[in-house]
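Two complexes come next, and they have one chain in common, chain A, joined by chain B in the first and chain C in the second.
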Partner chain A sequence: MKSNTDKKTLARLQSKEAVLLFIFIGVFVLMSVLSPTTFLTWRNLQSMAFQLPELGIFAIAMMVVIVSGGMNLSITYTAALSSIIGGLVLSKMTAAGIGPGPTILAGIATFFVVGLACGALNGVIVADIGIAPMLATLGTSTLFEGICLNITKGGAISGFPDAFLWFGNATILGVPFPMIVFVVVVAAAYFLMERSPFGFKIYMIGCNPTVTSYSGVNVKKNLHRVYLFSALLCAIAGILMSSRYNSAKESYGSSYMMQSISAAVLGGTDISGGYGRIFGTVLAVMIIQVISSGLNILGVNRFIINVIMGGILILVLTINFISSGRKANAK
Partner chain B sequence: MSRTRKFMIILMVLLAMTGLAFAQAKKVTIVVMPKLIGIPYFNASEVGAKKAGEDLGINVIYTGPTTADAAEQVRMLEDFISKGVDAICVAPNDPAALTPVLKKAKAAGIVVLDWDTPADKSIVDLSVHQIDDVVYGQHCWDLLVKEMGDSGDYAILTGGLSAANLNGWIDAGLSYAKTKYPKLHLVTDKVPTDEKQQVAYQKALDLIKAYPNLKGIIGISTPTPIGAAQAVQEKGLKNKIAVVGTALPTDSRPYLEDGSLRVVTLWDPSKLGYLTVVLANDLLKGKKPVNGQEIANVGKITVKADGKTVIMGPPTDFTKENAKNFAF
Partner chain C sequence: MQFCHAVFLAHFVYLNVLLCAFTVPENRVTLPLQIKNLIIDTQERTPMNPNAFLQISHVSKTFPGVKALQDISLEINRGEIHALIGENGAGKSTLIKILSGVYQPDPGAEISIDGKRCSQITPLLALKKGIVVIYQDFSLFPNESVAENIAITTDIEKGTKFLSWKKIRSTAKAALDRLGVELDLDAPLGTLSVAKQQLVAIARALTFDAKLLIMDEPTSALSKSEVELLFRIMRTLRESGISILFISHKLDEVMAISDRFSILRDGKYLGTFGGDELDNDILISLMVGRKIEYTIYQKHNRANAGKVLELKDFNKAGNFKNISFHLNKGEILGITGLVGAGRTEILKAIYGINHQDTGQLFLDGRKITITSAEDAVRHGIAYMPENRLSEGLVLRKTMADNITVTVVDRLKTKSKLIDRTKQKELVDKWIHELNIKPPYPDMSASKLSGGNQQRVVLAKWLAVNPKVLLVDEPTNGIDIGAKAEIHKLLRDLAESGISIILVSSELSEILAIADRILVMRRGKIAGEFDGATATQEEIMNKAILGVKQPVTA
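After this line comes the complex of A and B, so read on.
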């Protein structure tokens, strides 16, 4: 019995996630050592906990779609479009003198409705029409961006009720509220993807949609759901961003687009679908955050930070590739 | 087992280095954050800011995002708040977006200034302007009329639609033109160019094609007039279309010399960087700026009645003749 558990632990330690855990601990210790008085402080940990949830939620929104064998290039513009229309509701109702309570309720409902509508459109194009997900979502992302720009004319929408700023900026017992949202999202995504029949079907579709379909799974219905789930997460990220930045603009978070793919892939998700762990993606986001904040505190030039991030991504992918090759050979 | 051991050894070596990091002395640290890094204008202001740091014996960190993204600025500022700097001087990409993070900075006891582009006025301790927006806007339109005459079609290319300072100049110029030059005809709304020369070039080509009677282009934001001049040069229209605007003299020199760019006007961005650091350092010592104060290496400054808006001085025009005398 005991040796059996040992073997299991060993297998787990050699997994992609274990490599990530070691890298995370490594970079965290490294940054703590390089700037002990500034990095390893409560204030910095709190500030990182404020920054991490946005990319974290986007990365999960990206990962669930990648697992299904797809790709969602519209995540940031889904968030932007829901922020801009939701933001319009918030600012117009505030300007009309309606109290913060109903304004925020209506505003947040709008975020979700617009987000889900974007997700539904992606679902229809990918599952029903059958266009390759990467092209479909590239198209919708341009569409959403265009709608955003038509509404804002390139400016930002601001003038939200002060109470709305609470979502992105408040702390509960010292823990940033966005972090609490992120933990809830992670838990929900974990149960949905790794512990529910729905998640199992998504992994199956990611491996082989034809076989999955022949085993009696409604592939279309489940693809619809995964794009809706992804869009729902984008709407949540949109709420956090517009609250943290006190405004809504089409370009907010546009830098998260490629970063979220990087985080998902760094987190061990198979880019061709069928494999990916929520835990791995979360670790990858934490690694990116620690490196970004740590190097920023050290005063490293932003361009060089990009170079380092790219280097780490290539390194981890190489490690994963070599170790999976070895495993295959051993078999 | 061996993996754990290796890991422990690395950990111990790293911890041994901790002592070195602790040895650093505490100096006043001022963060100067431009809208983005890596464009000539903000490279020039970096030189000034760093120079001021050396002259005053303080630590100046000059860094910003690689694209003009307000969200990225917020994240970087949060890192600096945790780092615990003494003053933050920021050129916001979007004033509203920075309000929460600047409030956080104030709550952490950090002195907050804006420079180049104003942030939320109620938060900043000091607002450093390169120029009086109204004077500058009017000056740009005066230059345009001098080059294209006081009647005819013209267009405006701007860096971005939400940049408060660019909008301020354009609005001042437009309302001035309405009364002073009523025969000028603006063909279309101001056209955004993402602060990129390549985009300005494209948009200028589009404008030339769409409005064959175009006589003038005003380019607001530094890469814009150069992109427009490139388009005019390529189409061989330098005698028909007058391009003026705000640009750096070194960048514009080739176009100024062949006439595709008639005249550009700007301040010295390195002086602006220098002034920002000096004023931030004064503020940290409890010294407020006064109207007419003489700042070494910069000149006389104007302080507005609110006591926190500082204006560096009048603009300098750069032409074919004098562009070679400037190093930025």
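After this line comes the complex of A and C, so read on.
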């Protein structure tokens, strides 16, 4: 019995997540040593905690879809479209002299409704029509971007009630509110994906939709749900972003698109579907945040930071590929 | 008259029946004496048979969970037409892929081409040595012209930087001339009939300077006169010294064209026969002289137990016609027939994944409509598909996940999460009950043996506690000991009250465990037999000819 537990502990230590945890601790310690007076300060930690949640939420929105064997290239424009229409509601109601309470309530409801509508459209195209997810979401991404630009004519929507700014900027006991939202999102995603029957089915669908469907699982229904869940997370990220920027624009967050794929894959999510842990994705996001903030503090040129991040991603993927290849050969 | 009939049968009987004649305990092959004499013993042949183009021995291929080939030996002479026969899953395709370098055999294999030992065949080496495979789908380009399809690859191979249309046409013309056929060189390939496309594929092979042409089921889509043309061309090629390895199910064609033929079964090599030595008498003795391999179980008449499932007038264009039958409680209803008779299609229609055009389904006397697997499972109908690797198991996932997938919604705690204790209990219970080995729930399904994989599929369905179990070729590609155990499991399940429809090509399997037997032929039910008294010959007759006429040797 004891040896069994030992084995399990060992297995856990060897898992991808354990490797990521060590890497995270490593880069954190490295940055702290290199720049103890700036990096390891309350102010810097707090600023990282403000930046991290947006990428973190997008990365989870991306990861859940990848696990299902799909891809969601429309995450940032889903967030942008819900921000712009939600922002429109916020600014028009404010301009009409309606109080901040009902305005914010209606505005946030709009964020969610628009986001979910985007997710439903992705779900229909992927699950019902059967177009490859990468193409389907490439299409909807362009569609959402187009709608955004038609509404804003390239400008930004602003004029939100002041109280709305609280979501992206407030702290509770020193902890940034976006961070609290992120923790809630992570917990919810963990229980939904890794502990609930829905998540179980998503992992099975990601591995083999035919077998899963032949096992009596309604693959379409579950795919619909996973795209809705992804879109819901995008709407949340949209709320945090437009609150932090005090405006809404189609280009906000568009750099998160590729970063979120990187984070999901760096976090051990199998790009072909069926495997990936929420915890791994979270660790990957934290690693990315620490490295980019740390290098920034060290005064490394922003463009060089990109080069370094790309190099790290390729390195980790190569290590993963080689070690999994060895495993396959050892069979 | 009887003789004539037997000849007729011999020509159409599907291979399985022939193969049933052999009892194959593990690697040793016991054959009736007269047949033994016909085998050209591969073990004792001179290693340097000067006439052999290709010699292989000790070729094995293991995939995770399956031994696809075990210790295969084969010798193909120059200028011979050599047939390779065996039922689906016997290992023919795997062997072809090894010969053409697509797969590498397990260590220990010996392969000589043209008298030279090859340590390894790569696709490129195979081509260089003149081994060309013509697959069933030809692998041609439908939008390109006949001439381009024939000649363009070789032209590029030769390192020509600029394509010369004149040269392409002349190469193509020369290849077609060698076959003695004329085709419009400029016609897009897709506009040609299947038979003509095949000629293009053969002509293309000739441009590679083919020494051994491997043809995978070349006659399956051809009419009778087209087959004759193909055979004429095959003989022409033989005369020019090209060897042909011809893969076919159809014994009459094998008899007509082959100089010799080799038989594979369950990944094992059963022997090579000289074609002209194998006359009809021997075929008959192969057919009827079979020994029973399986335990024959006690059959029951369950007509009084009540109908669980009933199909009324199921029709689907191109699949099946006027299918009506019922399944009694606690019985095993065997459905057999030739490949393509519509058996799998019927099972899939019941299970909701191959919708019938018309037809009514009754469960316990109540009319039900099933339009998806989800519906079927809700009604207590389970389906073990024919191909466990692509339809039965999520290979990358663990045994536990695979067993849980059908019942995960029933394992919820109050907070709607998966109850891990319940899940573990369930998985442990089925691993124990079906004696799955090794008993590690966290082991990936891909690492299990074929028999144990099939048990995992069975476990995931027994977990839903089904009323009706639809089972399609449950013992396909698993070894003989594991087959017997699956038979016992199915029999025990029927005794415990589960009603089973068993589709199988293997007559001895159907006869061993089915209480009642339906025979399908060309999408229709051709006959019904009592499992206790039916004989192979009667069933074969129905499956092949659809007439009621007993055959005796």
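Note that in this section the second predicted complex is superposed on the first by the 328 of 331 C-alpha atoms of A that agree within 3 Å, B and C clash if a C-alpha of one lies under 4 Å from a C-alpha of the other, contacts with A are read in each partner's own complex, and residues count from 1 in each chain.
Please note the rule applied: contacts are C-beta pairs under 8 Å (C-beta built on N, C-alpha and C of every residue); 3 or more make two chains touch, one makes a residue touch a chain.
Since the structure is predicted, the reported quantities are computational estimates derived from the model, not experimental observations.
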| item | value |
| --- | --- |
| Combined model on chain A: chain C and chain B, fit or clash | fit |
| Touching partner for A:217 - first (chain B), second (chain C), both, neither | second |
| Which superposed partner A:155 touches (first chain B, second chain C, both, neither) | first |
| Angular separation of chain B and chain C about chain A, which is computed from CA centres of the superposed model and rounded to the nearest 10 ° | 130 |
| Touching partner for A:168 - first (chain B), second (chain C), both, neither | first |
| Partner chain(s) touched by A:29 [first = chain B, second = chain C, both, neither] | first |
| Which partner reaches more residues of chain A (counting touched residues only), chain B or chain C | B |
| Touching partner for A:207 - first (chain B), second (chain C), both, neither | second |
| Touched partner set for A:249, first chain B, second chain C, both or neither | first |
| Overlay on chain A, chain C to chain B nearest C-alpha distance, Å | 26 |
| List of chain A residues in touch with chain C within their complex | 191, 195-197, 200-201, 203-204, 207-208, 210-218, 274-275, 331 |
| Touching residues on chain B, where the partner in the complex is chain A | 7, 10-11, 14-15, 17-18, 21-22, 37-38, 61, 63-67, 69-72, 74-76, 78-84, 94, 96-100, 104, 108, 160-162, 192 |
| Touching residues (chain side chain A, partner chain B) in the complex | 22, 26, 29-30, 33-38, 41, 43-44, 46-48, 50-51, 153-156, 158, 165, 168-169, 241, 244-247, 249, 251-255, 292-293, 296-297, 299, 301-303, 306 |
| List of chain C residues in touch with chain A within their complex | 64, 351, 353, 372-374, 376-378, 383, 385, 390-397, 401, 404-406, 408-409, 411-412, 416-418, 447, 460, 464 |
